[in-house]
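Consider the two complexes below, in which chain A is the common component and chain B and chain C are the respective partners.
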Partner chain A sequence: MLQTGKSASVRRRGPLEQWTERHLRYLMLAPTVLILLALTIFPSVYMFYAAVHRISPNPDLPWEFVGIGNFARLISDPQFHVALRNTAVFTIVAVTLEFLLGLGLALLLDRFIRRLSFLKTVLMIPMMLPPIAVAITWKLIYEPQFGVLNEVMFLLGLPVQAWAGDVNLAMFSIIVADVWQWTPFIFLLMLAGLASLPVEPYEAAALDGASSWRQFWDLTLPFLKPVIAIALLLRVMDALRLFDLVFILTGGGPADRTKVLSLYIYQVAYRFADPGYAAAMSLFVLFVTIVLSTWFMKRMRLAE
Partner chain B sequence: MVRKFCLAFAVTASALAISASAWADITILVPSGSEGDGLRAAAADYAKMKNTKVETVQAPYANVFEQGANAGATKSGVFDIVLMDDPWIPFFAENGHLEDLTSYFKGAGVEGPDSDFLSKSLAICRNPYNSGPYVCLPYVGNAQMFFYDAAKFKEAGVEAPKTWDDVLKAAKALTEQGGGRYFGYVFRGGQGNPVVADFMPIFWSYGADMFNADRTKVTIDTPEGAAAMKMFMALRDVSPKGVESYNANEVGTALAAGTAASSINWPNWVATFEDPSQSKMVGKISFSPIPAGTKPGSSEIGHWTMGIMAASKNKQEAFDFMMWATTAEQIKISAERGNPPVRTSVFTDPELTKQEKFRHYPVLMEAIQASTPRPRHPKWPEIENAFGIELSKAVAGTITPEEALKNSQAAVEQITGLK
Partner chain C sequence: MATIRTRSRTREMLLRLSAYLAILVALILTLFPVYWIAANSFKFDIDIFAVPPEWVPRNPTLKHYDEAFVQRPFLRYALNSFLVAIGTTVISVTFGTMAGYALARFSYPWQWRKQISFWILSTRMMPPIVSIIPLYLFFNYFDMLNTKSALVIAYTAFNLPFATWMMKSYFQDLPVELEEAAIVDGDTRWGAFLHVALPLARPGLAATAIFCLIISWNEFLLSLVITLTEQSQTLPIGIAGRVTQYSTYWGEISAAGFMACVPIVIFAFVVQKHLVRGLSLGAVKG
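And then the complex of A and B:
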């Protein structure tokens, strides 16, 4: 195409424009980097800094450097041990149940879900509710004297229970509420995984006379492995941060049976005004999460 | 330098979060519920009258402490006034978060609050208790009362319970008759603040206390403590299944629904008991001061008090507002809005006392005058937590009452460094 003299002339770019062009990719990245710095890097560094200090609630007293002192306290703090044990029990039991139920439901409903799409929406509801609403709902369900669960027990002639107040039932009650809320999450992921399975291997297996169980064990599970890994990883990380349900339903009681790490960290930081020790505990949880995730990803060969 | 930067960042973030209040002449942090609502309404009246801007920031009970402590620790000056529950006063005062009001009283030409305030209401506003300078002013006159169904107690052979033995006698009989659907007593057994709040009056009624008079020794594991614990466990045995997780709401609901015959609770429940839309027991619940044990009964005081934050930039304006809000006229208006008063003249005002909804005022005034503050210690939240865990274990039956006392003694000694 012919160009006129005017349009063909190249406008001389100033040094600022040239610099901008040279660094455009960095400039476009800058807002993200700044947000990351402000919201992730800075708080993390600050948490490390706080974790090695004893911080008085009195602003006129200086922060006292204690090195690993706050971390050493973790070893001798019985409340921390209780919280750690409860968190482990909750995470293992709740995530296992959610996985088994979620996978089972997905396998059961996979063939019908297109025809019954409203069912998928209904099953999603618990997951979409705010955790605080879920906690309050279950508090009402578990209420010993007026709660619907005990009314049903009474009508069936079964002994009524103090669901959130009994030392032997409190953790179980919290697990049930969590399973109710988060099984749909696993279900949804598994359903997506099942929808993406190739058809040919199943046709071949059927020709070879493989049973449904054999097909599930040798084909479905291995194919679903990456999805299972992601689902379990996300749920484990989330379970380690459990707070709302415990805070509303039991407050950590009775007899410390439901005190979990997040609740204890909150108490130490805000109720006992000891943010240095709380930061050390938070770092411990972060460390555990990173170690677990890395181990888990390697184990499931997610990186491949 | 890093610290200053961090603090500045935290302060800026807090300030931005409450940006609406940043432009106010006075900013007040209040709890949710009737206490906060009452002060919010008063603040609105004041703003209109003085043509000034008063902002109230409302938060749930536990968050008021956290936000106040955070503002104090960072010297943010976000709040000028905090409406505090009285057990928080030592924490706020001894960590330098509260302004000493002495010079402000002098500036106003008075020595301190006038003598119309109840003496117990004033005592908690001084730090140290009843002797140091004023660090706040009382606003809501809470103290626990003993609530009971007089007709049911009469059926069980107790006219008006004067002692915990009377309560236990009636409660035992009523629970036995109740067949698992009706109980003679109900209490807050939830771990932490709830179970401690309902145990302390019994503890004091048997002559026990958490510390000795000069706060140099922890005195939980004593014969007096054991006697109180024995009564507490006996009352647990006649209470509903599930009290291990009960808080004030569950206790109040059980009384209002007529499924429990007696309990300790706060005076604001009187309105609920007398409201036909919320209660099956209208006109049937009686109240008295806390029953006696081996010593006269004493309820836990739970006043809401207003203090000026040390980092406030509007201290004089804040003080002027506090003085106005605690005048007899304003306390009376506050009482009509549902908050128990802190002044004798309001407690005895015939315009109020002739009304059915204020019929508990003579008993409440007596309860305040016979009340005891929660142990005044800057580490009270931590002490309460430790004590609450051991009491919760005893209530749940995972340890013996003796172990609970022994463990509490050791835990509080460790927290306070007293041995």
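And then the complex of A and C:
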């Protein structure tokens, strides 16, 4: 660690400069800490406050204190249970698929086409596009009458479907669009992880005649574990807050099959004008996210 | 030995072939949707609804671009998106770089460094829907709904922690000796940061800025809640507004959607080196 302000060759400096120099470690950190305090602590506290009140859509009416009333509603609200289940299904299925495809693709590219960084960038395009543009694109593809997916189904002799409008396929349609957008993210992280693998253990393994399957299982996977952990963590966090895709593709329907937590919270807050109850639900989501991520980071020793 | 080698060579060939095939399929699946929205943006409405679909626009037209950008205010939305993204990026990168540097280089009493690092990272984990209600009530109270400044403030909440962490890992990677040498030569601590560390960290700065720009340009939910007027709405909201319950203006939103993608994709190719490095650094190192 560096010593501050005690260098032998300190030259004529004004008192302000000396003061700045002495407290630099705090001064440099202060803006970020203050901004984040204001933008996260304040909303959190305010949300606690909102969550124990019944807030009328009419801004002139006072908030009515309801205690844990809003939280009690969570337990008996069937729509909330549906949203919870949909979010869980989406998160598990989408992240699993993204992980398997991303890792597979990274292994292929790493082994067979190492040099083509151009290809890498092309494969990364989906994750950089605005989710709203992705949602529109897939809406166009899924369109039951003139959508291109049904044309492909027809050409393959398969039955055409209503996709995002079909009760049984709606969630699947959302998952496919999400997998399309976010597999590249996993792919890229895995590629970066693979690029930093040490060579020696593989040479030793090859000498021992280990099959490539064994090498993958005993060397590659363990080496990649920290990267995999981060990638999954980030994707799960994002999946839990899925919004844009459902908002555009299905609006939560049909029959609430794609109603996820953030969409339901949004509807409660702005369509049903019940911010108090929405705040209680948000707190629940925040709680789940914090528990999940803290547990995960502690376990993986990530925050060091 | 020889037989084994030939067998493994044919196997290797087969493997290679199927790998290329798989990559080709991945490329087609990646690019087709982007191509499709571009293709549709150049078709007349009647051709968009054609069954079977027109794989290549037969009568290309710029009609929908005219609709979106001349007759409707998509240019205004794009400008708003751009201004908000720039504002957010400047604030986040400036303060994030200073904080990242401080966390990477200084020592603090009472384990502050670890606690603060963790806390900053944890704010990034907060789902936007969680902070939206308080932010909405807050902006409402201060009469800031429908302003671009409100968006910049809201986006900063998400980009600042990210920038801090990216820059922290970047500075940790730089050798500290150069700064020490500068200080021995009589530079101040701040001067060493400004004249030595900062120029060395330029690739990290670039990567961080790129990500802040992309995240802000793409953001949807916060903007949906905070802005309702044309003067303040961003491009994603403008696009979503044309998907109504009764009809969807396919040509127009295809044109606008494609135009929302173009700057990002061009940008990505220009800065691809930083992008890959930035992502792997920021994410892999947490």
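In this text, the second predicted complex is superposed on the first by the 263 of 304 C-alpha atoms of A that agree within 3 Å, B and C clash if a C-alpha of one lies under 4 Å from a C-alpha of the other, contacts with A are read in each partner's own complex, and residues count from 1 in each chain.
In this section, a contact is a pair of C-beta atoms (placed from the backbone, for glycine too) under 8 Å apart; a residue touches a chain by one contact, two chains touch by 3 or more.
It should be emphasised that the depicted structure is a prediction, and the values quoted were computed from it without experimental measurement.
Q: For A:267, is the partner it touches chain B (first), chain C (second), both, or none of the two (neither)?
A: First partner only, chain B.
Q: Per the contact definition in the header, classify A:286: touching chain B only (first), chain C only (second), both, or neither.
A: In the superposed model, A:286 contacts chain C only, not chain B.
Q: I'd like to know which partner A:93 touches here: chain B for first, chain C for second, both or neither.
A: neither
Q: Once the two complexes are aligned on chain A, which partner has more residues of chain A within touching range, chain B or chain C?
A: C
Q: Applying the document's definition of touch, where does A:153 land relative to chain B and chain C: first, second, both, or neither?
A: Once the two structures are laid over each other on A, A:153 reaches no partner at all.
Q: Once the shared chain is lined up, is A:24 touching chain B (first), chain C (second), both, or neither of them?
A: After superposing on A, A:24 lies in contact with chain C but is clear of chain B.
Q: Touching A:46 in the superposition: chain B (first), chain C (second), both, neither?
A: both
Q: Just checking: does A:105 make contact with chain B only, chain C only, both, or neither of them? Give me first, second, both or neither.
A: second
Q: Between chain B (first) and chain C (second), which does A:132 come into contact with in this model arrangement: first, second, both, or neither?
A: second
Q: With the two complexes superposed on chain A, say which partner A:145 touches: chain B (first), chain C (second), both, or neither.
A: both
Q: Once the two structures are superposed, pull the chain A residues common to the chain B and chain C interfaces.
A: The overlap between the chain B and chain C interfaces on chain A comprises residues 42, 46, 59, 145-146, 270.
Q: Show me the residue ranges of chain B that touch chain A in the complex, using the header's touch definition.
A: 2-3, 6, 9, 62, 65-66, 69-70, 72-75, 91, 94-97, 180, 189-192, 194, 240-246, 250, 253-254, 257, 259, 379, 381-382, 385, 388-389, 392-393, 395-399
Q: Using the touch definition up top, name the residues of chain A that touch chain C in the complex.
A: Touching chain C from chain A are residues 1-2, 4-5, 7-11, 13, 17, 20-21, 24-25, 28-29, 31-33, 35-36, 39-40, 42-44, 46-47, 50, 59, 104-105, 108-109, 111-113, 117, 119-126, 128-134, 136-141, 145-146, 148, 151, 154, 180, 184, 188-189, 192-193, 226-227, 230-231, 234, 237, 240-241, 243-244, 247-248, 261-262, 265-266, 269-270, 275, 278-279, 282-283, 285-286, 289-290, 293-294, 302-304.
Q: Hey, which residues of chain C end up touching chain A in the complex?
A: Listed in rising order, the residues of chain C that touch chain A are 16, 19-20, 22-23, 26-27, 29-31, 33-34, 36-37, 40, 48-53, 95-96, 98-99, 101-103, 105-108, 114, 116-123, 125-138, 140, 153-154, 156-157, 160-161, 164, 176, 179-180, 183-186, 188-190, 193, 214, 217-218, 220-221, 224-225, 235-236, 239-240, 243, 248, 250, 253-254, 257-258, 260-261, 264-265, 268-269, 272-273, 275-276, 279-280, 283-284, 286.
Q: Residues of chain A touching chain B in their complex?
A: 42, 46, 49, 56-60, 63, 79, 143-146, 160-167, 170, 249-257, 267, 270-273
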